[in-house]
Structure formats: structure tokens, C-alpha cells
Amino acid sequence: MALSNKTGVFICHCGTNIAGALDVHKVVDASRALPGVAYAADYKYLCSEPGQQLILDAIKEHGLKRIVIASCSPRMHEITFRKMLKKSNINEYLLEIANIREQASWVHTDFDKATEKAIDLVRMAVAKVGKSEPLKAQAIPITKRALVIGGGIAGIQAALDIADAGHEVVLVERECSIGGRMVMLDKTFPTLDCSACISTPKMVDVSAHPNITLMTSSEVEEVQGYIGNFKVKVRKKATYVNHDICTGCGLCEEKCPFKVESDFDRGLSKRPAIYKLFPQAVPAKPVIDKDACVKLKTGKCGVCLKICPLNCIDYEDEDKTVELDIGAIVVATGYKPAKWQSMYNEYGAGRFEDVIDGLQFERLVNASGPTEGKIKRPSDGKEPETVVIVKCVGSRDPKKGHAYCSRACCMYAAKHAHQILEKLPGGRVFIFYIDIRTPGKGYEEFYDNTRKDGAVYVRGRISRIFREGDTLVCQGEDSLLGRQVRINADLVVLETAMEPAEGSADVLNMLGCAKNDDGWAQEAHPKLRPVETQVGGVFLAGVCQGPKDIPDTVAQASASAAKVIGLLNKDEMETSPMIAAVAADKCSGCGACEPICPYTAITLEKTPDREPGTGKKIERSVANVNAGLCQGCGACTVACRTGAIDLLGFRNTQILQEVDALWQ
Amino acid sequence: MTEHETLNELMEKADVRQYDCYQCGKCSGGCPMSDAMDFGPRGLMRCAQVGSLGRILNSDTIWLCTGCHACVERCPHDVNVPALIEEARYEAMRRGIKRHDSDVLNKTFVSSVRTFGRNHEMLLAGLYNVFAMKPIQDMASVPHMMKKKLINPLLKPIHGTSEVAELIERAERWDK
Amino acid sequence: MAVDYEPKIIAFCCNWCTYTGADLAGLNRMKYPENVRVVRVPCSGRVNPQFILRAFRRGADGVMVCGCHPGDCHYSTGNYFTRRRFMLMRELLEFNGIDPRRFHARWISGSEAAKFRDTVTEVTQLIRSLGK
Amino acid sequence: MKRYAYFPGCASESTAKSTTLANEFVFGALGIDLIEIEDWNCCGATSAHTLSDTVGLALPARPLAQAEEEWPDLDIVTGCASCYARLKVTNHRVRTDKEARFIVEKVLGKPYEAKREVLNFLDILSGEDERKAVENALLRRFKNLKVACYYGCLNVRPAELTGVEDRENPQAMDELAALTGAEPVDWGFKSECCGAAHQNDAAFETRPLAARIIENARACGADIILTACPMCQLNLEMRQSEYIRKREDKLRGKPSFPLFSMVLPPDPNETIPVLSITELLAIAMGAGGRRLELDAHFVPVGNVISKAFRDENESEVFI
């Protein structure tokens, strides 16, 4: 049954802000004459306590059913007046605001024309509210458990912060240990503290925290649901080692006869087929690399099983899928260094062993790395004398790499130079750069010190690297001198760009999060909502959102943790009722709305129905809107061919009424 | 037309934009002639950025470029410096700015093609050395070349020589 | 054409960018012609072509659709649809005998109050010059 | 039998004598028919296009149009990198730039549509079939012959014209050379410009370009340099003694006397022979030194080659 249209119109003077620029009384008179309007009044400040009381009294006195308030912008006081209506018997969504301040009195100088416009605006609002319907905000429950995807320093920090606040956290990491890129590093700028020394204690905290469930060798496979109510499937990959009994004694690793290149050491060393990622790995227990293990491939070997004192090895182990109920998700998938070999033929495309990338250098200079911290060049193990560092390899290069700046390279290039000069007395370092960017606390000072250490900064991008006999020649321009330089280098370190981690696109797609053209996750607002995504309940931490250094990564991780804690502290949350709604009888199930939804809120679902005419029971597809996911943009309504899908609060009929009202 | 407009016209013809270059120096770093040039490719782009057409037209950089395209190949923004250089050469010649040796060579070369339909290498080198006043340049090789008949003093013109001469004539007239 | 001809223009403005920009124009007391009436919509992607056709049918002298800049949409992709849709819209209008210059799709962000003022002024002048 | 319209280029008639002989030998052995474009003229490289864009387009357009008229189904091939560049540029411009095509046809006085491709020897020899044919035609192979394959800049760049995938380290010539048993070295100057274009008008400035190429080839252990262009060939070879002498003088800190250093014969330990890839192929296909007139080279090649045959008997036969 259609609601009565008994509409009350209230016009605010806003002191003289409105009343001074247009004829309020004329507006009141005009309002009274509008169809459906039962009462009209004006007041000095409607938003004030007595103003609100005036409206509430009028509602009671005149039995009003719908309200139009002509005042300032709805962005200002819509919420105020909705709250007010909660005290009356009128649903708070049977309210329209006619913006006669920002849209009329403030921007026009002609008194009469402004009045005329104000009347038009009121007429539009009255017309629209006549078609409004009562809406009710839904409360959705919130599962008090967070999922953190990625166990690098960002994921670790976010997990610890959320867990410390008393909420359950599941930390999923696809490698067999958490730690990410940070544990591969030797020292961190600008303070030069040892990277492992500051990150491994945090890793141990994660494994010991009662609120954290750590899932290594695991990958998120499927995400369903919406804010507060995600259903997540995680695949726990087979490790072939029973971690419940394994003590991590390491005998198996010692005796394993098969070795492959170590990813952790960036190909600079070998590791056995049964291995821990690195000595301080968390969990400190080995796994079998099924692509390298001869027993798993051919059935011949089994040394680890024989040697294991506790019988932990299980060659029959299989992947398992775990289903989790999750309230909030933190994406912390990090980065991978750009594969410069396929980008830069002029740097040898990987032909020269002594041209390495920055992360390889970190392993070379790391005390727990393949050379125990001695800088030796890969080709012959000699200590290099002259080292050339090339910055912006893959960054700031729209043709061959990426247009963006990778942000951390200037600083770690300076750090590398410092480490070389410290470890190789008499060594020389040339750093080729385009610009030096050191915006960070203590960063410029660090760069200054590196120059004082004796690093030679050459402004110019290396044009090519070629072999001349035993040495590598780095040819570039010293653009400040305007002269070409050719430097005979023993070792060349390329500071490569950061790229979104392998598989991060899959994770973002699964979650329905947007990414930019470079593949970085898109934050909800670049300035004001930097850790949220467009998807409610999904937050970003660290480099997955864009290149950054460790301090920024940790800061962002804590920020996203704060957002998660804020969410999980509530038992339930209200969602806006102004969302898309489907008239099932009109929906043809064509699915045009489905791909247009930026939030994957619409799905086609089989619905029982009866065949017209015969009355036979059938099933047909009908679009279904998930209230938790829908944000109310209305894009689907335009795509709908039958007009079955509509936006509550902004229904087609409401907007058309507004349009019609203008020319009545 | 102002100098600025002329410069922009050259840039447009060459399909090169000042703002594409951020002066990284990868071009000059790889340019084989960089050592001998006054500006090099990066410097030339810098001149274009600050609007100094005069410097570009009077530079030896534009005459020393060998057109090897190493600069464009490696340029992160695909700035086609050789195309700009080509346009700059034409503009310089229109204004009568020339580098003596290049001018002598190019004109001698085209005369040779006009007379023989082909390039008479020996005549070209000989005439060039005379006009450029470099009598001994490469002359040490002459005895070997004569002995092995690598150069033939009596090159016969091709049949279509007059046709080629007329072709050049028409093309030159088209330019004007 | 009467000198005092005042066109009536309807503008569909997205709540997050253009409507906010218009509010800011008000806050800064910028002045522009009275001819434009704004209809608030959540997103420019919500604007159904039928709204525009209805406005023209009712007698609108001009219609504007304003939203966030491409790439800045509050709903991430809504305004891309708007852009595509309204390229076609112009042709449809022309086909129906409506001067496509009476229809404008513009991107105005929440901070571009001056752009809102300028756009409204410019479109009003243009439509005024087109006559009834 | 594959056929191509052939543009020999001016050097084929003079300084590239032995290369021309080798080309005939190799393509004859492979059964590839090169049909010389009748009464071809100089392409104008590089002076013509420096002086005028129109002349630079018109000169190559004449033989190209000639070929198109006479052999509409044949691609055009040339053995010189400079000619290749000019012909290719003209072809490309006529195809993609309507205005350029209008001017060219106007000046030429006849139609020219640039229907066929312009290729170089490396393009036509690196096809799968051709490579097999080369392998089948080989009569003798080399051993311990380290070769530095020098492609030259214009055979590989610009990328959008040549279509060469790796311009910094091209492979086509290396693969061909490897078929003969020669060992291509990994060196740094495969596509660096040798400066041949300016060896007359900017001799002082361009000499170091070739000198650097020679030095790098030697440093990387090459016994000979292979080329795919007569201009590069001549440039790398003819002035070697001059480069070497100059460098030695510089090392000794003595002033250089140009005439003196030019006339003195080069030190055989310092020089490096330069051969075209077709010469190497021709030798491996059984051509004798005399037939190819290898003694026409400025830097003697016979010694290095005759020591490098896998079958030592071949050395005695090879004259």
C-alpha cells in the first residue's frame, strides 16, 4: 500500500546566509502550493535544537509522512536530520534536502532569480520524496578474526599489532618460512642495523603469539563473502615433513645428496632438496622441495627418512585445504625485484656473471650469505676493486621497464656503496644516477656520509656494459662534465626496480581489489584512505600498494592493523540501505549487471519459479545483490535491460520525478 | 617565424618533444661520437629544452652524428635524436651554416653520383682531399688498392646517368 | 531570439566529486549563472540515458553530466562507463534532432570549485547562444 | 630456387672485390639467384640525405621502383649496410607516409608502391632452409678459429626497420659462422658504429671508433673479425696500421707522425684480419684463396685461415 504523500517542507534562513539572498517567504508560499505538500514553514536555524524541535512538533501536529528540508548542502546536515527523524515516527529515509544555500543563496546575486531557483529546488525535492520509501539499515555480524596474506615484515607487523589488540589472526605465507625480503638483507639504511637482528625476533614473536595461527607453505585459494563475513579457502601445500614431531635438528638437510640453486641466496649458492629457507627460519623446521627431491620424482633415495631420528618424513604427504571464517583481510604480498635480464640487453641480459642485482649483493655482503659476508665476485671469487652501481634499472624507464620510481633504490645504493668501501679497503665505488632522492629522516645525512666515505657519484645512466677481456666496461655519460666515461669494473651492481610479487594479481582479483596499470594494489583514496581498498574489510600493508622502504612499510602495516582492530572491535556493523535491489520478477537473468559491478556484489543465482502458462516448477537465473559488498554506486541500474535492478534511495522513478518537477 | 617557433617546427617534424627527455644521459653515454661532439645527443636535447635553436644549428654535434641510432635504441622515452639532427641539418643549410669538411664531402659525393650514376670512390676521396686540403689522408692505402685493382680510375658511368642527374635536379627543385 | 532568454539546464552531478566541488564553490561564494539545477546522484555511472532523454523531452535547454575525473571515481570504475556511454549519447541526440552541443559530460573533482563555476558559466553561455 | 632482386652497391665494384667474388660463390653454391637490378644507381648514402631529404629518398627509389616494375614478386637484397639502411628507409617511408610517397612518385615520374621487402644477406641466410643449405654446402670446417662477428649499426638498427630482436647482441651472423666450425666470441662491439660514414669528412673524430672495435675484438680473443658490410669491412681493415701505430705511439708517449705511421706495414702480431661473412662461408664451401682474391685484403688473411682448418690437409690445398 502506497504511503501517504503528506509532505512537510521546512525552509531554513541559515541566519542571513539564505534569507539574505533570496525571498524565503516566497519559497514557503510556493511550497505550500506544491502537490502533496500538507505543511510548510520556515525558521532561522533548522539545524539547531529548537529548529529540530519545531520540525518534530509539526510532524506530530500535522501528521506529516515525508519531509523536505530546504537548507544547506545535504553533505552538511543530511545525517543530522536523519538522526532527528529517528525521534519521530517517520523513517529517516523519507527525507530530502533541497540545497538552497550552496546551490542558490551563496552563488547567485540576482535576488529574484535565486528565489526562483530555490523554489525549483524545493519542487524537485518534494517530487523526489514523494516516491521515496522507508529503508532500513542492515546490521551485519562481524567475525572477529583477521587474515593476513604475506609473511614479510608488513604482514608480520600487521599480524602482531592485531594480535596484541586481542584479536585472532591467521598469517598465511607461501614460502616455508616467514620473513620475506627483509631477512634477505644485510643491513638497513639509514641506521645500518642488522636486518636479521631486528626482524627475526619479530618472527619468533609471531610463532609464539597465542592469538596468531601461522600457516607457512600455504596459499589463499578462494575468497568469498564480504566485510566481516569472508569465507577463505587456504591451501596448505604438502611439506613431506611432520612438523608436529620434527625438532628441526637439521640432520636431514646435512645428508640430503641433491642440491639445487637457492632462491633465498638468489642463485649464488646451493641448498639441499630438504631445506629450511635460512638458518633462523620460522617455523625452524625443514620442508621437502618436491621439484628437487629425487625420492619424490623417481622413488629412489630416501636418505632423509633413514637419517631422521624421529621418523618425521612422510613422502605420502598431500596438499590440504582449510576453510576459514574471517572478518577482515590485510594484503601484504610485497614485491619481487624486476627481471632485468629480459629488459636490458645493453647490460648483457644476464650473460655476465659479475653483473648482479641489489638483492644478490645483499646476500653477498650478508654474514649468513654464501660468502659469509665477504664481497667476492661470482665469476672467480676474487675480491673486486672497482665496483659500479647502476641505479634506476627498470625504474623510471617507460620503454624497457616501469615509469615509476622504486623509491628505495637511492638509499640502498648508498648503503651498498658504504658497505663496499667499508669491507674493501682501497676499493672504489662509482654510482651512476639520474637523480638522487633521499626524502626520509636521516636519509640525506646517510647519502652525505657515503660521499664522505669516498663513493663517487656520477650523474648519468649507464648506457651499456660490455666485456673487454677479463674486465667489464661500464660505459655512460658523466652528464655534469658532458663527457663519456668508460669504467673498468670488477663487479657491477644493478639496483633493480620493485615489481608486484608473483601472484599478487591473483590475490587482488580474488579479493575484488583494483590495481593500477603497474599492478600495484589500489588504495581507496591516495591521500585520505591510504590503507583501505574499495572493498570493505580489505586493507593494504607494505609494498603491495606501491614501492616503499622498510620504515614506510612498517608504518603502513600498523596503520592497516589499526583499521582492522577498529573493525573487529565491533560486534556488528550497519550498512547503508541505499544499495541496489533486484525486482526478481522483472529480472531476465541476462547477467549484464554482473561484470559492470566494481565490487563483484552481483551474482546470478538459481531461483525456483513457475513457468508462465503451464505453472510448471522451473529454475531460472536471477541477479542477486550482496548487501555487504554493494556500495550503492548504481552502475548496474544503467546496464539493466529490463529495469529490474534499481538503486534504493535513488530509484529511477525518484530521479525522473525530479526531472519532471523542473518543467511542471 | 620566431626562433622558438622554428625550433618547435623542427621538433614536430622530427616527432620529438622537449618534455620527453629527462636528461638521464643514456644517449650520450652510448653515443660512439660523443667524445668528439660539443654537445652530444643529451646536450642537444638540453639546447632544445632551453629553446636555444642557435646552439643546435651551430653545433658540430649535428654534423658528426653517424645516424647509428644507438641513442634512440636505449632511450627510456624513445626520443629520436637522429631525426631531430636530420631536421637541424636541413635548417642549418637553409641558413647557410655549414661545417666545411662535411659540406665538401657531401657536395663532392652528389656530384660524383650526378656524373657517373654511382659513387666513384677514388675520385671522391681524391677530390675531397684536395678541396678539404688534407692531401695525405688515407693516401697510404692507395698503392695497395691500385696494385690489387680495388679502385678503378676509369669507372664507366651507368647508362641512366643523365636520368639520375635529372632525378637529383628534380628532387632538389622540389625542396625549393 | 529574445534578449532575456534564460535557458534551463539540468545537471546530474556525482555526490563525491562534482557535487562536493559545487559545495566548495558555494563556500567560496563564487558566482555563476542561475540557470543550472543540480540533481544529486551517487555516481555519474548512475545516470541512465533515459534521464537525459526525459529532460530533453520535458523541455530542458541543456543537460550536463558531471563526475569524478577518469581514474578518480569513488566507486573505482563507474565514470569509465559514463565516458563510454556518453560518447554514444551525443550521436543518439543528433539522430533525434537535438543539437549535441546541448549535452555536456564533464569531469570536475571535489576540489575544483573554480572549474565548476567556469563550466556552468561556459555551458550556460553556449546554450544561451544556441537559442530556444 | 629462391630469387631476389639484387642491389650490389657501389663498393661491390671496387673495394669490396673479394667479398663480391665470395657472394657469387656462396649464393651460387646455395642455389639462390640474385638478379642484378638493371642499371642501378648509387643510393646516395650517406651524403645525399644529409643534403636533402628529397634527394635522399629519390636516389634509392629509382632502383627500387625499377625492381618493382621488372620483378614485382621479388624481395630486394643488398650486401651493404649503408645501402640497406637507405633502401629500407625509403621503402618504409613510401609505405607509411603518404606525403613521402607522393613526392617520391612525383620526382621519380613513375609509380612506386614499396610492395616488397628490402633485405640484407643476414636476413636471407638465417632462414631455416637456408641454414640447412649452408650446412650441406660446406666442404671443410674450421677449428680453433675464434671469430668476432661485427654486424655494424645499420644492419641492426633502428629496430622498427630491421626487425632484429636483440640489437645489443645480435645472433644471426654468429650462428652462420658457427656452422663452419668457427667459434664466435662474446664481445662488446657487435652493433657499435664504426664511423665509416664520416671517415672522410671527420677522419680525426671517427678513427677511434674503429680502433675501439678492433681493440675489443682482440681483447676478447678473436682471431678474425667478420663483417656484413663492405663499408665496415674497408674501414676496419684499411686503417688498421694507422690505429695501431697511433696507439703504440700514445703508449710510448711519443708524438705521432701520421704519414710515417700510415706507410709502415702493420705489425702482424697487432693486426687482426677482417673478412666478410660470405668470404668465410665461401672458404668453408671450398673456394680457394686465389679464386676469392683474398690477397686483396689490406691485412693478410691467408695465414690465419690456413692454420685454422680442422683437416690439416686442407691447409696445403688452400691457396
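Just so it is clear, A, B, C and D label the chains in written order, and each chain counts residues from 1 on its own.
Following the convention adopted for this analysis, contacts are C-beta pairs under 8 Å (C-beta built on N, C-alpha and C of every residue); 3 or more make two chains touch, one makes a residue touch a chain.
Not measured: the values here are computed from a predicted model.
Taking the mean of each chain's C-alpha atoms as its centre, the chain lying closest to the overall protein C-alpha centroid is A. Ranked by C-beta contact pairs, the top interface belongs to chains B-D. In whole angstrom, the spacing between the mean C-alpha positions of subunit B and subunit C is 55.
Once the centre of each chain is set as its mean CA position, subunit C and subunit D turn out to be 65 Å apart. Taking the mean of the C-alpha atoms as each chain's centre, subunit A and subunit B sit 54 Å apart. For subunit B, the set of residues touching two or more other chains reads 35, 70, 73. Of all residues in subunit D, those that touch two or more other chains are 167.
Pairs of chains meeting the touch criterion are A-B, A-C, A-D, B-D. Per the touch definition, subunit A reaches subunit B in the complex via residues 346, 392, 396-401, 434, 459-464, 475-479, 482-485. Residues 345-346, 348-349, 351, 464, 466-469, 473 of subunit A touch subunit D in their complex. Of all residues in subunit C, only 6, 8, 10, 15, 19-20, 22-23, 25-27, 29-32, 34, 37-43, 45-51, 54-55, 58-60, 74-78, 81, 85, 117 touch subunit A in the complex they form. Within the complex, the subunit B residues that touch subunit A are 22-31, 34-35, 39-40, 42-43, 70, 73-78. Put simply, subunit A touches subunit C in their complex at residues 73-76, 99, 101-104, 106-110, 113-114, 116-117, 120-121, 124, 514, 522, 534, 578, 596, 598-599, 631-635, 637-639, 647, 650, 652, 655-656, 658-660, 662-663.
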